[in-house]
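Two complexes follow with chain A in common, the first pairing it with chain B and the second with chain C.
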Partner chain A sequence: MEVIKINNLVKRFPMGKGYFTALNKINLSFEKGEFAGFVGPSGSGKTTLLNIIGSLDTPSDGSVIVMGKSVSDLTYKQSARLRNKHIGFIFQTYNLLPVYTVFENVEFSLLLQNISASERKKAVMEALEWLDIADKAKSKPNMLSGGECQRVAIARAMVKKPEIILADEPTANLDSENSHRILQTMKKLNEELKVSFLFATHDEKVMKYLDRIIALVDGRVASDEKNISKLEIKV
Partner chain B sequence: MIAIKLAFRNLLGAGLRTWLNVSVLSFAFVLIIFYNGMIDGWNRQARNDTRDWEIGQGQFWHPDYDRYDPYTIKESHSQLSDEINILIKENKLTPILITQATIYPQGRMQGIILKGIDPKQKILKLPSSYLENVQDEYSAIIGKRMAESTKLKVGDNVLVRWRDKNGTFDARDIKIAAIFNCDVPSVDNGQMYISLNVLQKMMNLENEATLLVAGKDYSGGKLENWEFKNQEFLLEDFNKLIQAKKAGGVIIQGLLLIIALLAIFDTQVLSIFRRQKEIGTYIALGMTRLQVVGIFTVEGGAHSILAALLGAAYGIPLFMYFNTVGISFGAPDMGLTIAKTIYPYYSIKLIITSIILVVLSATIVSYLPARKISKMNPTDALRGKLQ
Partner chain C sequence: MLKFIFKGIIRDRSRSLLPIIVVIIGVFITVLMSGWIKGIFSDLIDVNANFTTGHVKIMTSAYAENEAQIPNDLALLDVDELIKKLNSDYPHMEWVKRINFGGLLDIPDKNGETRAQGPAVGRAVDLLSPHSKEAERMNILKSIVKGSLPTKQGEALISNDFAEKFGLKVGEKVTLFGSTMYGSMMFKTFTVCGTISFGSAILDRGAIIIDISDAQIALDMNDGASEILGFFNEGGYNDVMADSVKASFNAKYSSADDEFSPQMFKLRDQNGLDRYISLADSVSGLMVFVLIIAMSIVLWNTGLLGGLRRYNEYGIRLALGEEKSHIYKTIIYEAILIGLIGSIIGTALGLASVYYLQENGIDFSGLMKNVTMMMPGVYRAKVTPDLFYIGFIPGLVAMTLGNALAGFTIYKRKTAKLIKELDV
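Here is the complex of A and B:
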C-alpha cells in the first residue's frame, strides 16, 4: 500500500524577478513501513521535499498524495489535522516547547485531539518508556542533553502512532553514540509499529540504517536505490 | 484550554519582562479603581449630605422661584393650604421662606439670603431647634463658613436689614444662637436661618413659604400650585462637577493604560519575532495558524489577568486601609460640596468595568501583532527566516 505518491512535483520559489526551481519533476512513491532517506548536497531540495510531504508547504506543480489525499487540495484545517494525527516531525534542532515539561511536550499533539487525560497519560508514558526517558518526564527541555532532547522529540512524534515520520537531519547536532542510539530506536519503531520514515540527511551514519536512499541533485532525483542495508549485509 | 495553560506558562517563563508589563498594567488598574472609587465615594457622601442638609427627597417650588435668579425671590411665595399644613405637622414636608437681606457685621455691609425654617422640622439636619423657644425671638443660626467670613460668634448680635412684602425697609439686631458645621457650601455661604414664624412676621407674609422640602415619609403625590423638583434636578450642578472630575481622571488613567498597553504590544511583537520556530512547531504538531494566533493573543491578554491579581494583592489592602481611614483633604474650602474626609466607594460595577476595560484592551493590543502569524509561512517560521 502506498502511503506517499509524488507525481511530477515541481516547487518554485520566487526569486528576484523570476523563479528559483528547488524541486524539478520529482516522481516517487513510498510504501507503508519504508525506512527511506533523501541525501544530497546542501540546497538540493531535501527539506523542501519533506515540507511538502508534511503539508507545511504546497507544490507549485504536480501532485503529492499523502494517505490518499492530495496535499494541494487540503484546507488549512484538514492539513493541520493530517499533521496532527498522521505525520510526526523530527527536526535537527529538536524544537521542543521550552516552557513545557518533557511529559507535556509529548502530550501536546494528543491535547489537540481531545483524548481523555488518562489515555493521554498512558500513551505518553508508553512513548517515554520506549525511548528510555520516562525518568525525565518532569524535566524541562533546557535541563536535557541533546540526545535526550531528540529522544523526547521522537517520543512526541510517535506518541500519536502516526503513519509517517519525517525527520530532517535528526542527527546533525548529536555525537555518534547518540546518533546510533536514536537511529536504532527509530529503526525499531519502524519495524515494530510499521511507521514509515523519511529522512533528509548528509550523515553517513544515517545512510547506513536506510533501506532506501534517494539522491537529490539540484532538485532532481539523481538515483533511487532500494534494499541497501540488505545489500550491505551481504557484502 | 491549551491556549490558556500555554499562555500562562510562557508568560511566567518570560520572567522580568512579564512582571514589568504586569506591574505597569496593575498600576493602571489600581489607579483607575482608586480614583473612580474616590470620586464615587465623594459623590455618595456629597449627595447624602446635600440630601440631608438641603434638598431632602426633593422640593416643591413656588412656580416663579429660580434658584439662580435672586430677583425672582421677592415674588415667589404663596400661602400654605390646609392640606400642606397637615403634611407639615406630620413631618412630611417642611416649608422654607426665602428673602434677600443685608447684614452689617462690624460695620461692614454684606448681602445675604435670609431663610425662615420651622424650628420643629426634622427633615433637614439644620439644627433648627436652636431657634425654638428662645426668649428673644430674633435669633439665627449660621454655618461655619458664614461665621468665618463675617467673624460672627455665638452670642454676637448683628444688624439685619430687610424689606417686607410692601418694599418697606426695616432693620434690627439678630443674635447668633448657634453655628453649625456642614459640608454643603450652598447651605452655609451667605445664608442665615431664622424661625419661619419670625420671618413671616418680619415680611408680613403670614403662613407663606417659597418652597417645601419633602421628607422621607412624603408619599410623592403632587401639590397644586407647587412645582416638584426631584433630587436629580436639584443635584444637576453637582452631577456635572462629578462628571467633569471623572473626565479629568480619564486622561491620566488613559495615559498610564496606554503606556502599559504599548509595553505589551512591544513584548508581543518581539515575542512573535523571536519565537518563529516555536510557531512553526505548533503548526507542524497540528495546530492551525488561527489557533496559534489564539495562543499568542491569549498570552498577551493574560498580562491583564496577572495584572488584576497583582493589583488585587497590593490594591485590596490599600483600598481597605483608605476605606477605614478615609482620605483627608484638610478642609481647604473649595466651594464644593466635599467632606473633610472622603471614604472611597468601590462598587462592583466599577471593579467589573475596570476589569473588562483592561482585559479587553490588553487582548486587543495582543491580537494586533499576533494577527501576523496567520500570514506566516510555516516553513519560513520553522527556519526562523522572517525579517
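Here is the complex of A and C:
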C-alpha cells in the first residue's frame, strides 16, 4: 500500500528579487512500513521535503499525496487533521512542552482527537511501557536525559498510532549509545507496528539502520537505494 | 483540553503569575490615579459647596446681586417656615441656614480697655443643634487647633492666626462690633472656646465662627438668614438634579417683581464655578484617558511579548495536529482569564486604596499657608462608580488585544516556518 506519492515536486523560496529552488523535480513513492531516509549535506532540501510530506508546507509545483490526500489541496484544518491522525513528528531538539509531565506530553495528541480519559490513559501508558519509560510518567522534561527526552518524543509520535513518522535529525543531540538505543526502538516500532519512518539525516549511525536511502543533492534526487544492507551512498 | 491548558497556565509562572502581577499593577495604578484625580477636583468643588455655595443656595434676589458685600439688610426672613417647606418639597436634600457677617473684633485687656483690634469675617452656622452636620461639613472639628467647639450660646471659635497675632487665649473674651440687619450698631461679647485653622489663608484671615442663634440675636435677624444652603443627601454635587431642583423652586417661590423673594442658585451658577467645573471635568477626563492609554500600551505589550515568547510552543502544537484556530482561541481564552483575574484583583486593591485615601486623605495644608484660593488642605481620593470598571479597559481589553495580535502572527507565518524556528 502506497502511503506517500511525490510527483514532479518543485519547491521554490523567494530570495532577493528571484527564487531559490530548494527541491527540483522530485519523484518518489513510499509503501507502508518503509524505513527510509533522506540524506545529504546541509541545504540539500531534506527538511523541506519532510515539511511538505508532513503538510507543514506546500509544493510550488507538482504534487505530494499523503494517505491519499494532496497536500496542496488541504485547508489549514484538513492539514492539521492529517498531521494529527496520520503523521507523527520527531525533532532534533525533542520539542517537548516543558511545563507538562511526560504523561501529559504524550497525551496531548490524543486530547486533540477527543478520546475518552480512560482510553487516553491506557494508550499513553502502553506507549511509555513500549519505550521503557513508564516510570518517568510523572517527570517533567527537564528531569530527563537527552535519550529519555527523545524516547518521550517517540512515544508522543507513536501514541496516536500514525501510519507515518517523520524524524528530522533525531539523533543529532544524542551520544552514540543513546542514538543506537533510539534507532533500535524505532526499528522495532517499524517492524512490529508497520509504521513507515522517513528520516532527514546526515548521521552515519542512522544510515546503518535504513532500508532505503535517498540521497539529495541541490534539491534533486541523486540516488535512491532500496534494500541496502550496508552503507554506500553516492553523494 | 481546557483542563490541560489551565494546568499549563498554573505551572508556568511566566504565563500566569508574571502577567497577572503586571495586570494587577497596571489596573491598580489606573484605578488609584483615576480616583485620586477625581477626588482632587471633587474636593475643590466640595470645599466651595460646604463653605459657601452649597449644592444649591437660596438668597433674596437683592442679596444675590451684592453678595460680596454681605448685605444682611437684604437677607431672607421667615427661614424656619421656608426650610420646613423645602424639607417637604425636596426630602432627598438637607437644608441649612447660614449668616455671613463682617465686623471688628476688639480684644480687651484686664481692665476692659481695648488691647487690640482687627477686622473679622464671620460665619454663623448651626453648631448647637444635636443633629447638625455643619461642624462636620465644614471640617471644623478637625481644624480646631486649641480648645473645642462652642457648647453653648456666647462662645466663639477664632482664627488661630488672629489669636496668635493678638495673643488671644482660649477662655478670654472678644467683642464683635458691627451693624444689625436694620443698620443700627451692634456689639456682642463672646468667650473664645477655641482657635481654628482651615489651612487656607482666605478662610483663616480674621475668621470668627459662632452659632447661628447667637448671630440672629446679635444682628437682630430673628428667623432670618443670609442664605439657605441645600446639600444632596447622596454623594456629591449632581448638576442635573441641581438644575431640576432650581427650576422647580424658582417656579414655585421666586418672583421677578419682588427683590426680596427667595431665589435659588445652583453651585455652577456661583463664584465662576461653572467654568471651573467644566475645566475640571475636561482635565480629569483627559488625565484619566491618558492614564488608561498609557496603561493599555504597557499591558498590550505584556500580552504581545507573552504571546511571542510562546512561539515555540505554538509550533509544537501545530506539528502535533492542533488547528491554528484552536491555538488562537486558547491564546485568547488565556488572555481573558489572566486579564480578568488581574483586573479583579487590581480593581479591588485600587478601590481599597482609593477608599482609604477618601477617608484619610493626604494633608498638604503645610504647603498652602499663603494660598488665597479656596482650596482644601487635605486632598482625598474619591470612590466613583466608574472606578469599578475603568481598570478593565487596560487590564482585560488591552491585554486580550495584545495577545490577539501576537496570536495573529500564527496565521501570518507559514506553518513550516513556525516549525523550523523550533529547531534552534
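Here, the second predicted complex is superposed on the first by the 229 of 235 C-alpha atoms of A that agree within 3 Å, B and C clash if a C-alpha of one lies under 4 Å from a C-alpha of the other, contacts with A are read in each partner's own complex, and residues count from 1 in each chain.
Keep in mind that, in the parts below, a residue touches a chain if its C-beta (ideal position, glycine included) is under 8 Å from a C-beta of that chain, and two chains touch if they have at least 3 such contacts.
None of these values were measured; they are calculated from a predicted model.
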Are chain B and chain C a fit on chain A, or do they clash, once the structures share the same frame?
-> clash
Looking at the overlay, what does A:Q92 touch: chain B (first), chain C (second), both, or neither?
-> second
With the two complexes superposed on chain A, say which partner A:D57 touches: chain B (first), chain C (second), both, or neither.
-> both
Give one of first, second, both or neither to describe whether A:L112 is in contact with chain B, with chain C, with both, or with none.
-> both
After superposition on the shared chain, which partner residues are touched by A:L74: those of chain B (first), chain C (second), both, or neither?
-> neither
Figure out whether A:R83 sits in contact with chain B (first) or chain C (second), or with both, or with neither.
-> both
Most chain A residues touched (candidates chain B, chain C) = C
Looking at the overlay, which bit of chain C runs into chain B, 169-177, 277-285, 313-321 or 367-375?
-> 313-321
Would you tell me the residues on chain A in contact with chain B in one complex that are also in contact with chain C in the other?
-> 47-48, 51, 54, 56-57, 76-77, 80-81, 83-85, 89, 91, 93, 95, 97, 99-100, 108-109, 111-112, 156
Chain B partner contacts - residues on chain A that touch it in the complex | 47-48, 51, 54, 56-57, 76-77, 80-81, 83-85, 89, 91, 93, 95, 97-100, 108-109, 111-112, 156
Would you tell me which residues of chain A are touching chain C in their complex?
-> 47-48, 51, 54-57, 76-77, 79-85, 87, 89, 91-93, 95-97, 99-100, 104, 107-109, 111-112, 156, 168-169
Per the touch rule above, chain B residues touching chain A in the complex are 1-2, 6, 9-10, 12-13, 277-278, 280-281, 283-291, 377-379, 382
Under the touch definition given earlier, write down the residues of chain C that touch chain A in their complex.
-> 1, 4, 7-8, 11-12, 15, 312-313, 315-326, 414-416, 419-420, 422-424
